[in-house]
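Shown below is the structure under consideration.
Chain naming follows the written order as A, B, C and D, and within any one chain the residues start at number 1.
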Amino acid sequence: MGGLYFDIAHLFAGGLVLISFILLYQDRLYALLNVFALQAFVLALSVAWQAYVQDAPHLYITAGITIAFKAIAIPVALHRMVSRLGVHREVETVVRLVPTMLAGIALVALSMVVMLRVTGSADPLAREDLAFALSVVLLGMLMMVTRSNAVSQVVGFMSLENGLILAATGAKGMPLVVEISVAFSILIALIVIGIFLFRIRERFDSVDLQVLDDYRGESR
Amino acid sequence: MVYNVYVILGLPVITAVALVILQGYRLLARINVVSSFLTFVAALTLFAYRPETGTYLLVDDLNIVFVVLNTFVAFTTSAFSASYISHELETRRLTVGHLRFYHAMYQLLLGAMNLALVANNIGLMWVSIEVATLTTVVMVGIYRTPAALEAAWKYFILGSVGIALALFGTILVYMAARPVVGEGMNGMVWTELIQHVSKFDPAMLNLAFVFLLLGYGTKVGLAPLHAWLPDAHAEGPTPISAVLSGLLLNVALYAVLRFKLLMSANPGALAPGPLMVSLGLLSLIFAGFMLYRRGDIKRLFAYSSIEHMGIIVFAFGIGGTLANFAALLHMTMHSLTKSAIFFAVGHAAQAKGTQQLAKIRGLTVTHPFLGWGLVIGVAAIAGLPPGGVFMSEFLIVSSTVSRSPVLALLTVFGLVIAFGALLLRLHSVAFGEPTGSREPIKASYLPMIAHLTLVIIAGIYLPPPLVAWFQHIAASLH
Amino acid sequence: MNLFGNLTIQILQMLLVLLPAPLLTGFIRKVKARLLRKKGPPLLQPYRDIIKLVGKEAVVADSASWLFRAVPYLVFAATWVAAALVPTFATGLLFSWSADLIAIIALLGSARFFLALAGMDVGTSFGGLGSSREMMFATLAEPAMIMIVFSLALIAGSTQLSNVAEFMLSPAVGLRVSLALGLIGLVIVAIAENARIPVDNPATHLELTMVHEAMVLEYSGRHLAMIELSAELKLSLYVSLIACVFFPWGLAPVGAGIAPHLFGIAAYIGKLAVAGVALAVFETSIAKMRVFRVPDFIGVALMLGLLATLLRFMSGSL
Amino acid sequence: MPLSGYLIGVAALLLLTLAALLPRPIRAGTVVIYGGSLGVTAVLFASALWQLLSGADWMALSLPLGIPWLGANFRLDALSAFILAVVDFGAVAASFYALGYGRHEHEPERVLPFYPAFLAAMNLVVLADDAFVFLLSWEMMSLSSWALVMSHHQVPGNARAGFVYIVMASIGTFALLLAFGLMAGDVGDYAFSTMRAHASERTVTGVVLALALFGAGSKAGLAPFHVWLPLAHPAAPSHVSALMSGVMTKVAVYGFLRIVFDILGAPAWWWGLPVLAVGAITAVIGALLGLTQNDLKRVLAYSTIENIGVIFIALGLSLAFRAHGYGAAAALALTAALFHVLNHSLFKSLLFFGSGALLTATGERSLARLGGLLNRMPMTGLFMLVGCVAISALPPFNGFVSEWLAFQAILLSPVLSSWALKLMIPAVGAMLALAAALAAAAYVRVFGIAFLGRPRSDAARNAVEVDRFSLIAMGTLGVLCLLTGVLPGLVIDALGPLVSQLIGTAMANQSQLGWLAIAPIAESRSSYDGLLVFLFITTSALMAAAIIHRFASDVSRIAPPWDCGFPDPDSATQYTPESFAQPVRRVFSGLGFAASETVDMPRPGDQRPARFELRLKDLVWDYGYQPVVSTVFTIADILNRLQFLTIRQYLSLVFAALVFLLLALAIWT
């Protein structure tokens, strides 16, 4: 497999990490959703590329799912929900942006370090892919824990999951990728539905805990 | 060609479908029990006729024990749930519609867990554990009270993250395997992996194990990944609490074990022992302290589950034939005892109409049978003889102390802390001036009695075949 | 001959501690009176008291139990047996081996135990007061006594009084610090145990700090006589104990002829007289102390005993 | 009887437990259960005694139970035979007593099932020959006795007593578990025989000694681990209290003997020190605190602590002598300890039976509401008197003999070469004497307040004598207290075989001495003849009485008390238990307890009553245990915050764990 293939795959993977950073940087919900759609799109591209490189046609299905579901359906749904719930546009962050970005960079560095310890026995393409995938995963999680708004947390989770798909597709000849992506799509769908259902609370953070304590018979 | 394993997997699913279609909750409950029983019988036949290993399915010494235990507790729990649910109907906490859903989910959960146990394919295992989680999520939320929804939601989110981590770990394992066993399905087939693991890339394996331990550890409920567990136990229907504590935790534990095997089979990889030991100790001591401030009886025993999972993981981490044997024994005993406790607790909560410890007092006076059942159960789970837990804790501590006294001391510390808390609660619940209603409730004590009897017998006498079995596994786990 | 001889000696001994006991008390009273320039009661007054009391009817409180009537005899018996085992004029006592020094102390302990019970039997406030204080003194006096016994036993290599006495006679003794300490301690304990000044006042009935007399307040007639007699017996027991251990001169050795025994008796009488005078002088020269100072007083004895024992443990020569 | 016979006996007791679970008319149940236990334990006692006296050789047996590859091993040697005899005799007495006493039980279904189980467990502990069976039965013993303590769970305070008890017990068990783990070492074989075999290559003996002292000692009631005992023992029904105090503590002593004297191997020179120190402190603390209590059963419980202290002093001496190679002296000390084990089991059971009788007759446990009972319950009173004299270590009863032997052992200590021991042992001797004197005071107080004087409550005024069973049980024990006191030689000779089993040598055979006297080392050194002393006292007392009654007056007039001319009809002016203890309180305050008295005396003309307030503080609890408890709860409170985080915070926990592990990977691999 020539350098070109490698570079293109590399490009996509790196692009995903970059977009994750942009996600971290966003402070508006709509913008956030748009960026996420972009990430999903790039992911789809990279999956498709992998499908082509590994000539594994089933990966095209994954790519299709990604496009249809993550790049279009979910963002749209979330758009509508944001407007429906009238969640004020500001993404209230728990940690301010700058430290978050720094942490993100540190995480990327970390993932590089741990991943590059892996001997070259696995082919470099996979290694790089995995390194990027790991950073995307970590960044997604970072987003989940630094944003207190339900929507942005969903987005965080989905970008985390993008990282997983990236890794899965990067792993040459990995079976069950399609099933996995389907399963994850279902999962995300459930989460989104859940947010719709429980619009009582517009964030994962449960509302006043003291109230719940009365139900639980627990006391601080 | 032997079909029993397909029965174990298929029957629950078919039953689930049937339960969705059929009418009449008594019928549903009966079907539930019968089908669970049949599954159990089929699982028993595995001892006799073992299906040959395939790409997807594997029945070996290790998981056969899990399967049998799993199906047995599932069966007794379904019997308990029959009487429990009927009371819930009378008190209008659930509707018939809910029940249909509930029973279907119950069977689905059972099937998913069995699949996770007999899967020879780490991807398949992952998928089925996810399915199991989702079904339990739904059942935890079934009461639709804000607290229940809260619990379900928390469980759902944390579980999803855990699943994600586990998946990443799985991918990494595949990546590690691919250069050796080649591309395609083989890279995920357990038997292939364990054969060639010694040639895998250690660094990759280490990374994979970190993710798998955290991912499945979330399901096991190890601190600090435990957050979902207490609420899920407390807010769902009690049969589900029993299943969660008695079975689902074991299944996740089984997954961790499998990967521990991989790790320890690879010379280059860092030993999984220390990781598991420290996580186990952390969970043990942490849960021990958390027990003191509980105000909700089911949450109390949920934390005690965390504590015991900690002990088991600790013992597996210590390794060695003795400790592994003890860990397997402890796991079995914990499943039986804890589910028995939840049977008692469920009826007690129904009898008193509350789950708050402060409002349940003098149970041995008002409901002697439940009260003493609870006393025996808690005594057994706290490690008092003649419960089987006593034997396993004896083996764990005494086999640890000679190797590293400090660890043994820490373990004893945690055990004592937890013991104190449990007994403190037991005193207020079982003894003293009784409160609440005194009229008896109609309950099926049979499952509870069966479990407790087994536990007590096991504490004094372990049948040789079982022992041989455990020892064999323990040796293979090294 | 030997067995017979020892038997006679034993019997003589029993009488010899019993009969002069009242005399000793009378003698002490007389000397004290003289020291105070008083005439004092006649020397034989204690005998007269006892005989008179014995003859009178006994008044028993209606709330008393059978124990109240039994105690005087028990106390008397225990004290007498204890006294009979302390060599006074000869070492070869037939039954001396049946109880060693520790057992003798324990016998006195039994006597005290029952006396204290008797004090509480009638259910008056005075009785309880006496008993509780008596027992409190005992809690300190007994360890002190045991310590002294230890130091002695460690020197003499025996707790058997006859053997101790023999050892003390032998030149092996020499002059030892621990012996001196032991002597002082023993004297203190003796004063405390016999309810003498400064611990207690034997000559009064209506003093709030009284101990022994408060216990026996309800006794009368023959019972009181028994109590008095055993008190006097106890006093002479302690005197003869001190004499036997620290001043064993004149004790007739085993199997000696008649003459040594007579000499021994004479020596014993002499020792009693000396002790009486000394006690009288001591009691007239100091004042009684408050009850809660007494523990310190007895504590001194305990310390001395412990010190003596430790010295012995440390080196053989002290 | 073969060893299997004993196990069958145990099985029979367990069957009785099951039988007690069946529904039945209560009276019948009481008779069946206690009668059954009586029969079984009687057989066990007889055969154990025979085993001990006949010197039949040891028996071992292994059953396919317990830990599979190890099996359940049992052994009956001289030591276990002796303890077995003590245990089962106590059981016989208690069961017989309970035939009468058990009828007054309100909720027999909470007592009957656990009573036989308790007996069975104690028997098993003594028979066990491997660590697992030992600890299993040990913990069963705790568990069943805990259930018995909880039988009156609605009485305020009992629940707390039960809780403290079961927690302390299981901590002790864990200590023993660690000890056994260390002794098994890398061999990993928990059979005592194997441990004995590997005694030589053991390195951590000191730790094991400490663990054993803690584990067994906390069960026996050694200070400062004694706090549970005065709570738990009184809470149980009296016949159970008797078993717990008189017998179960002995099983604990057995545990210590088995581990330290038998399995652990040759002692180091310093082993004696901690044991002696702990024993002496325990003896004094127990005696002191016992003197300040008002609850009769609590006084008895504290005196149990005191006696355990005495036993451990003797054990410490024995260890010291043995370590320095003085076999005879070690044998003497050990004999003293075992003799005291026997004695204490006798008179402590007797006293608890008595307290039970008082409870039945008056419904009162507080001394302050008793009084004058000797006239109303003459037999009970007499037996209690015997018990009080015996436990106060006064001749001619048995308590004195064992303490006398202990003193004789102390007198031998100059031969020891170690200076620490030289310095320590005299002090220990003084504390032993102090404890004995304090005990005497305590029992004068108990008997004087409860049985003498005038009744302090209507309950005491209307008390009547108790049932025949109780009286016979108490009488038998009383007679035995006297017999073992006047015939100590026989007991010492009977103890010979097990002493030589543990030490290698035994005391010289006492039966050659004339007049049934005993001489520990040599007759020239010291000797004691309980029989003669007894005869002398009785004869001279009777003689004196006879002479006076015959030749002088035997008339006596019943009159109101004189009381120095200030007679007071009100029985409230009698000495109360508090006032009796006041002198000792004042003198010893600060040793283990702190007493503070406040007097509020109104000025002349002021109408309000004067008030005297007495506060007692248990220093051991306040400064030893309270801090631990509060620390645990503080930590629990701090950690409890983690129960109330938001989902996002929980996620951050997971995230933190992940990052931490990845960092670890990055750094350490």
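Assume a residue touches a chain if its C-beta (ideal position, glycine included) is under 8 Å from a C-beta of that chain, and two chains touch if they have at least 3 such contacts.
Just so you know, these numbers come straight off a predicted model, no measurement behind them.
**Q** Check C-D against A-B and say which one is joined by more contacting C-beta pairs.
**A** C-D
**Q** Please compute the C-alpha centroid of subunit A, do the same for subunit C, then give the distance between them in whole Å.
**A** Spacing between the chain centres: roughly 99 Å.
**Q** Round to the nearest whole Å and give the separation of the Cα centres of subunit C and subunit D.
**A** 35
**Q** What is the distance, in whole Å, between the centres of subunit A and subunit B, each centre taken as the mean of its C-alpha atoms?
**A** 31
**Q** Need the CA-centroid distance for the pair subunit A / subunit D, whole Å please.
**A** The computed centroid separation for subunit A versus subunit D comes out at 69 Å.
**Q** Where does subunit D touch two or more other chains at once, residue-wise?
**A** Answer for subunit D, listing residues that touch two or more other chains: 640, 643, 647, 651, 658, 662, 665, 669.
**Q** Could you check subunit B for residues that touch two or more other chains and list them?
**A** Residues 153-154, 157, 161, 203, 207, 293 of subunit B each touch two or more of the other chains.
**Q** State which pairs of chains touch, listing all of them.
**A** A-B, A-D, B-D, C-D
**Q** If we count contacts the way the header does, which residues on subunit D are in touch with subunit C in the complex?
**A** For subunit D paired with subunit C, touching residues are 371-372, 374-375, 378, 381, 385, 389, 392-395, 400, 404, 407-408, 410-411, 413-414, 422-423, 425-427, 429-431, 433-434, 436-438, 440-441, 443-445, 447-449, 451-454, 515, 517, 519, 523-529, 532-533, 536-538, 540-542, 544-545, 548, 552-564, 567-568, 571, 573-575, 579-584, 586-587.
**Q** Using the touch definition from the top, list the residues of subunit C that touch subunit D in their complex.
**A** Against subunit D, subunit C makes touches at 54-67, 69, 73-74, 76-78, 80-81, 84, 95, 97-100, 102-103, 106-107, 109-110, 112-113, 116-117, 119-129, 131-133, 135-136, 138-143, 145-147, 150, 153-154, 157-160, 163, 205-206, 217-218, 221-222, 225-226, 291-292, 295, 302, 305-306, 309-310, 312-314.
**Q** Write out the stretch or stretches of subunit A touching subunit D in their complex.
**A** My answer: residues 94, 107, 110-111, 113-114, 117, 138, 141-142, 144-145, 148, 153, 204-206, 209, 213, 218, 220.
**Q** Name, in rising order, each residue of subunit D that touches subunit B in their complex.
**A** Listed in rising order, the residues of subunit D that touch subunit B are 64-69, 131-132, 135-136, 139-140, 143, 150, 153-154, 159, 162-163, 166-167, 170-171, 174, 177-178, 180-182, 184-186, 188, 190, 632-633, 635-637, 639-640, 642-643, 645, 647, 650-651, 653-654, 656-658, 661-662, 665, 668-669.
**Q** Which residues, counting only subunit D, touch subunit A once they are in their complex?
**A** So the residues of subunit D touching subunit A come out as 640-641, 643-644, 646-648, 651-652, 655, 658-659, 662-663, 665-666, 669.
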